[in-house]
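In the two assemblies presented below, chain A is common to both, partnered first by chain B and then by chain C.
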Partner chain A sequence: MNNYILSKKLFRNELSTFYSFLIGFIIALFVGSLILLIQDKNPIDVFSLMLKLSVGSINSLSNSLNKAIPLILAGLGISIINSVRLWNIGAEGQIFMGALALNFFYINTSIQNSALYIFLLLTASFIGGSICILIPALTKVLFGVNEIITTLLTNYIVFGLTIYLINGVWKDPASLNFPAAAYVSELVYLPIIVGKLSSGFLICIIFTLLAFYIKDKSVFGYEMRIAGGSELTAIYAGISAKQKAFLAMLIGGGFAGLAGGIELLSQTHRVSTGISQGFGYTAIIVAAITGMRPLGIFLVGCLFGALTIGGSVIQTIGVSSYIAEIIQATTLFGALVAQFFFSYEIKKKVENG
Partner chain B sequence: MTVPILEVKDISKTFGKVKALDSVDFFLQKGVVHGLLGENGAGKSSLMNVLSGIYIPEQGTIKVQNKKIDKLNPELASSLGIGMVHQEFRLIENFTIKDNLTLSKANIFLENFKEAYLKYSEIFSLNSSYNTLVKDLSVGEKQKVEIMKLIFKNSAIMLLDEPTAVLTPQETSQLKISLETLSKEDEKTIVLITHKLKEIKDFTETIFVMKNGKMVAENLQTDEVSDKHLIELMMGEIKTISIRKDNLKGETKLEVQNISLINNDEVNVLNDISFNIKSGEILGVAGVSGNGQVELANVICGIQQEFNGKVLINSNDVSGKGVKSRKKLNLSYIPENRLGVGLAPGVSVLDNSAIREYFKASYGPHLSKGKMVNYLNDLIKQFSIKAPDVKAEISTLSGGNMQKLLMGRELISNPEVIVAAQPTRGLDVSAVESIHKLIINQRNEGSAVLLISEDLDELFKLSDRIIVLYEGRIIKEVDIESANIESLGLAMAGINE
Partner chain C sequence: MVDIQFIGLLNATLQAATLLFIAALGELITEKSGILNLGVEGMISIGAVSGFIAAINTGSLFFAIIIGVLSASVFASIHAFVTVVLKQDQTVSGLILTILGLSLSSLIGKKYVGKKLDVKLESIVNIAEPDSILDIFLSQNIIFYLGILLMVATAYVLKRTMFGRRLEAIGEDLKSSDSMGLKIAKTQFIATCVGGAFAGLSGVYLTLSYVPYWTDGMTAGRGWIALALVIFGGWKPYRTAFGALLFGFLEALGPRLQTYGFEMSPYIVKITPYIITILVLILLTIFKNGDTGAPRNIGIPFFRENR
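Coming up: the complex of A and B.
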């Protein structure tokens, strides 16, 4: 049976990533249906209910899009860092760090102009995300330490720090036994655009375009691509590969930090463990499915936001919300397998004919 | 004529749409050194792979000692005494010479290994104990072990694929003597595969020539055939470009003053190197690789920024400055390592084409794709590059087209100074010709060229002057008129008479 070999296709269809996603999603719906059938539920009923309650009205649609914001922003951060072929597994920690930095800035300052205050608070959350990835970035460029490990480990450190703060110095006495920091003033809540849709979504759109511009249209994006392709080529071209990697990591971390900031100012309004429900990890799935394309991350982020909302509402009819996570994960799995078949082909071995 | 020890008739082998072997006849006489000549891609290696049982041909017959062999496979070929030395060595680096030699189950010198080793290490002048680890040997020594491996497993027919590609001139002539001894004393049948004319004339008694998968000449007697005839057979037609060596030389463009460099292992890799190159002049740098060539190029091109000494381009001191300062003074660097340094793997053809001048396609932080595409289209047209899809990865181009893209990118702006390292390594004859033409055109346009090459023929053909690097020093400097291959070869080995 050794007569077949795998060979890399020279040319890939430009839309292959999109097709892979579709195939993955269809496989995921199929797998989800099977699980529902085993539980004696009618998949069509469940899915149509999910659809109705996630996008069926202005309110449910805005709930879905609100959920999409952290997924999209963290996913964009991951995709920027991937321009230099590095992986950021630490978006979850960066989200928390963004919220912590925002709260730190909030506690220590007082500004009357609420628009300016919101702007400065969100800037603080961006910087917080950057600070969170600073150590992985430094150890990467100085000593070549694997960033997958270090960014993953910072998640635990930052989560521990969050627990420490909300049980200690930041603990709000009014929250009784629930560990959480004090609420921020309503003055700095992000305004609602329509229904329940937070204006954070507009920020999200702007940052999607910004990430697209950085990656595809800017000199910096070009330099990141070359540095990611080969460090020696970058040096040969007069590009400091280490500098690009460092900057890419700080910017990408900042995107995830901003997600935490927006989540705080629009959803939780205080620092608690509820700042992120695994958004930083789901964002990896979102970024990977789309082949790290910002516009794709935006669309898939919206879809995954809707799935999360849909998943939480079907609990009311006795279906576990995990069905949404199963669909998300299976989509990635299916899309990766499909991408594999778009990139490789199985050929009959010619040598031994 | 005696019965051939091996004879193949009418062999064909296709890969997809490509006919690698097209009804090829070939035969070997016992105890004779045969030459198999042809350009890259002519089918030499395919034929050898058929003989060693790796490829199964679609048609044709194979006879060994007049016995027809039906289904040749690697094991059977080995037991019939057919052995091959591949271009990439197949030695176990962490094993000793002895372990490598006796590894094969066909090994015939298990009992009297010591005497056999003594005999053959003398024939090959291999001065290492058989307890030496292979990883501690030089490339030339490894090759000797690789050839001895065939003897130890009793191969009567030895197929050697481009054995001289990695050797110094001295090692090459040593190999010649060893092979002669083997063919005369042990009656070994040897096939030397090469695209180097000089070697085939030196080494062999009879020559076969392949072109485009066909055997175009059989059993030519080496003494009787002329170089010109062989080239005609190999290349179809001779395209000799006459190179004026009385080219106009202008003012000094590149000046290198007393450069010394100590690397991280505290080895003096460059030692007091000084030279200058005028406009319209090609300075050839000869030397076995690893004698400071890469370091010298990196110093001149600004990749290595910490060194002692001075580099001046058009009288501007650029020592201590980076790559971009050189680009501003219009220096181009064609690095030895094409894919990995000159071109970034995994990145598109378009992105790779802009590496030298991408900042010219920028407005502030914005990079204009339109300008990049126009620039690439100019390159494709001017240097006739075949690039089917510019958004595809660079590795979708063939080696020759990659090098053309790299050369084109570095040459299109008529650079003042060009540093070219091994620009034709691994390319076939026609690609080599077109690269040579590009370099000469550039020289005639008034560029100062530093040409680093291990190929002495190339250096002789293109250079106005030649310097030889040995252990980081300039051991010899000659004008092309007074240069001769032998003394340069000796200088490459560190001997300067």
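Coming up: the complex of A and C.
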């Protein structure tokens, strides 16, 4: 062992993140197969059924893409916040808060049948997401409070608030066993593009490009990177690192909030605990696995959306839907292992002389 | 004679505190070595489900504790492998450990949801109607005392033994530790697995005593509160124990507020521990002016440059 040394590669393959993802995905499918075999299920049967029911027809494909919307938007939010080297573990709560804010705006205004009104509703959800991350953001930049823990804990708080509202003031008397708020009017439903695909997917494409522009092309994105990189450099460049971090967090939270708004207007049509099924957590995997790149988040988001749909349909043949989650998490672990071999090389020690 | 409500409150406080404290103590050891493991929630969940399954299938509590502790420790070794051996990002790896742990334990535990335990961790000294503070302390189960023992042992090992001093040195200064010839990778790997074992013990306490049954998501963010506790305790075992008692008290107080004459929605009561954790964390950071006493090298992978 001592005859070998580890050395950091000077240059990394530009596509290393992509290759790592592929390798990770293969490892994850392998692990998933093992788990299925233990449960006496044929992996090939299960996976081909998942594939068929998630992308096999226009309807199933559009279901998959609809599921991808919250994953992508929340993932983009996480990646924007990561530009300043901060973590947003609170996307799950922000998604709920987005839906709550939308509903709050909805019940306190008169319903209009116009695109502008829907735009205002979605804006409310964006602001809701920003409000949700306001306290973690303020305390981070003012006092340096650990944002990982504060954003995570807000998830539990917002979820509790949701349950409080749908069991109390917002409770729809018609929802007996499954407490939920009243349905919104059909006038504010997001229109369908094709099959079952919601026009929320178009918003999602626009925001992917927007996030790409903000992160990689705008002055603000450049300043965020400097602010996140080194405090001293930021001071030399005359950039207020705290201001950039604060703005990045509000924008990122807003992206996740918007995801909740779209989910309400296109899928659940009311506030319930079903607004998010762990999308905010899966979004962390999506963002991390792509190295926080917006276009990558879009593609992996679509794939993971299909996986989630595939996971939920195989329950009908007695396979747990958790298989999909395990595959998603294992993909990232596999990708981390592969990343090691792209970043380091193991060399034989050369004797001096 | 003490007020019966107070007895109940104290008992619940000790139980909630035990659960939080053991997991926090494990994370403290891991973080002392410079490894941040955000997977506490996942590790507790793995320990909880595997301990529960072992208890159902074997009927042996001793065996259940061993299985719960071991499986969480093995699970933590994934994090150790990825961050110590492969030097990958500790935040990412820890987060995924939580996500994987929660989904994996849901998968394993699916058949056991709603099942009842025939055996339960009983108190060592059997007191039918505890009516004094001493009785409450005596009527806890073995994991409570184990927690106290681990607290004293951890404080001793960290401060008074070579292993503990080396562990702390590695967490504070990787380069100097390396030039002193300390085995960094080995120590960090062990510290991470020990952290997992402690989280597993806390998980076993959850399913064999605190609740006691198994259902999805029953860890309910306790792993994250444990992480906050480590910060609260300034990476010191005794102070962390004090923090655990404080948080345990608040968790126990919530459902009892009504009996003390406070009208509060049960849904709001449920979220108070999280609100309080955030508030405490904020106040603490302001009070300490940002310097929380964290190991200096936490989160930084060790890489020996070519020489």
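Basically, the second predicted complex is superposed on the first by the 336 of 353 C-alpha atoms of A that agree within 3 Å, B and C clash if a C-alpha of one lies under 4 Å from a C-alpha of the other, contacts with A are read in each partner's own complex, and residues count from 1 in each chain.
Simple rule for what comes next: contacts are C-beta pairs under 8 Å (C-beta built on N, C-alpha and C of every residue); 3 or more make two chains touch, one makes a residue touch a chain.
Nothing here was measured: the structure is a model prediction, and the numbers come from that model.
Engineer: Quick one: on chain A, after the overlay, do chain B and chain C clash, or do they fit? Just give me the call.
Structural biologist: fit
Engineer: With both complexes overlaid on chain A, does A:G238 touch chain B (first), chain C (second), both or neither?
Structural biologist: A:G238 sits against chain B, while chain C stays out of touch.
Engineer: For A:V337, using the defined touch cut-off, is the partner it touches chain B, chain C, both, or neither? Pick first, second, both or neither.
Structural biologist: second
Engineer: Is A:T150 in contact with chain B, with chain C, with both, or with neither (first, second, both, neither)?
Structural biologist: Second partner only, chain C.
Engineer: Between chain B (first) and chain C (second), which does A:S218 come into contact with in this model arrangement: first, second, both, or neither?
Structural biologist: In the superposed model, A:S218 contacts chain B only, not chain C.
Engineer: Touching A:N42, do we find chain B (first), chain C (second), both, or neither?
Structural biologist: Once the two structures are laid over each other on A, A:N42 reaches no partner at all.
Engineer: For A:I163, is the partner it touches chain B (first), chain C (second), both, or none of the two (neither)?
Structural biologist: So A:I163 only meets chain C here.
Engineer: On the superposed three-chain arrangement, identify whether chain B or chain C touches more chain A residues.
Structural biologist: C
Engineer: Specify the angle subtended at the CA centre of chain A by the CA centres of chain B and chain C, expressed in degrees to the nearest 10.
Structural biologist: Seen from the centre of chain A, the opening angle is 70 degrees.
Engineer: After the two structures are laid over each other on chain A, how near do the C-alpha atoms of chain B and chain C get, in Å?
Structural biologist: Once the two complexes are overlaid, chain B and chain C approach no closer than 7 Å between C-alpha atoms.
Engineer: Following superposition on chain A, which residues of chain A contact chain B and also contact chain C?
Structural biologist: none
Engineer: Which residues of chain C touch chain A once you look at their complex with the stated criterion?
Structural biologist: 38, 78, 82, 86-89, 91-93, 95-96, 99-100, 103-104, 106-107, 110, 220-221, 224-225, 227-228, 231, 265, 267-268, 270-271, 274-275, 277-278, 281-282, 285-286, 290, 303-304, 306
Engineer: Quick check: in the complex, which residue numbers of chain A touch chain B?
Structural biologist: For this pair, the touching residues of chain A are 10-12, 14, 85, 217-222, 225-226, 228-230, 232-238, 350-353.
Engineer: Please output the residues of chain B touching chain A within their complex, sorted ascending.
Structural biologist: 15-16, 54-56, 58, 301-303, 322-324, 327, 333, 335, 337, 340-347, 351, 354-356, 358-359, 362, 365-367, 369, 388-389, 391-392, 396
Engineer: So in the complex, which bits of chain A are touching chain C?
Structural biologist: So the residues of chain A touching chain C come out as 5-8, 35, 87, 89, 135, 139, 143-146, 148-150, 152-157, 160-161, 163-164, 167-168, 281-282, 284-285, 288, 320, 322-323, 325-326, 328-330, 332-333, 336-337, 339-340, 344.
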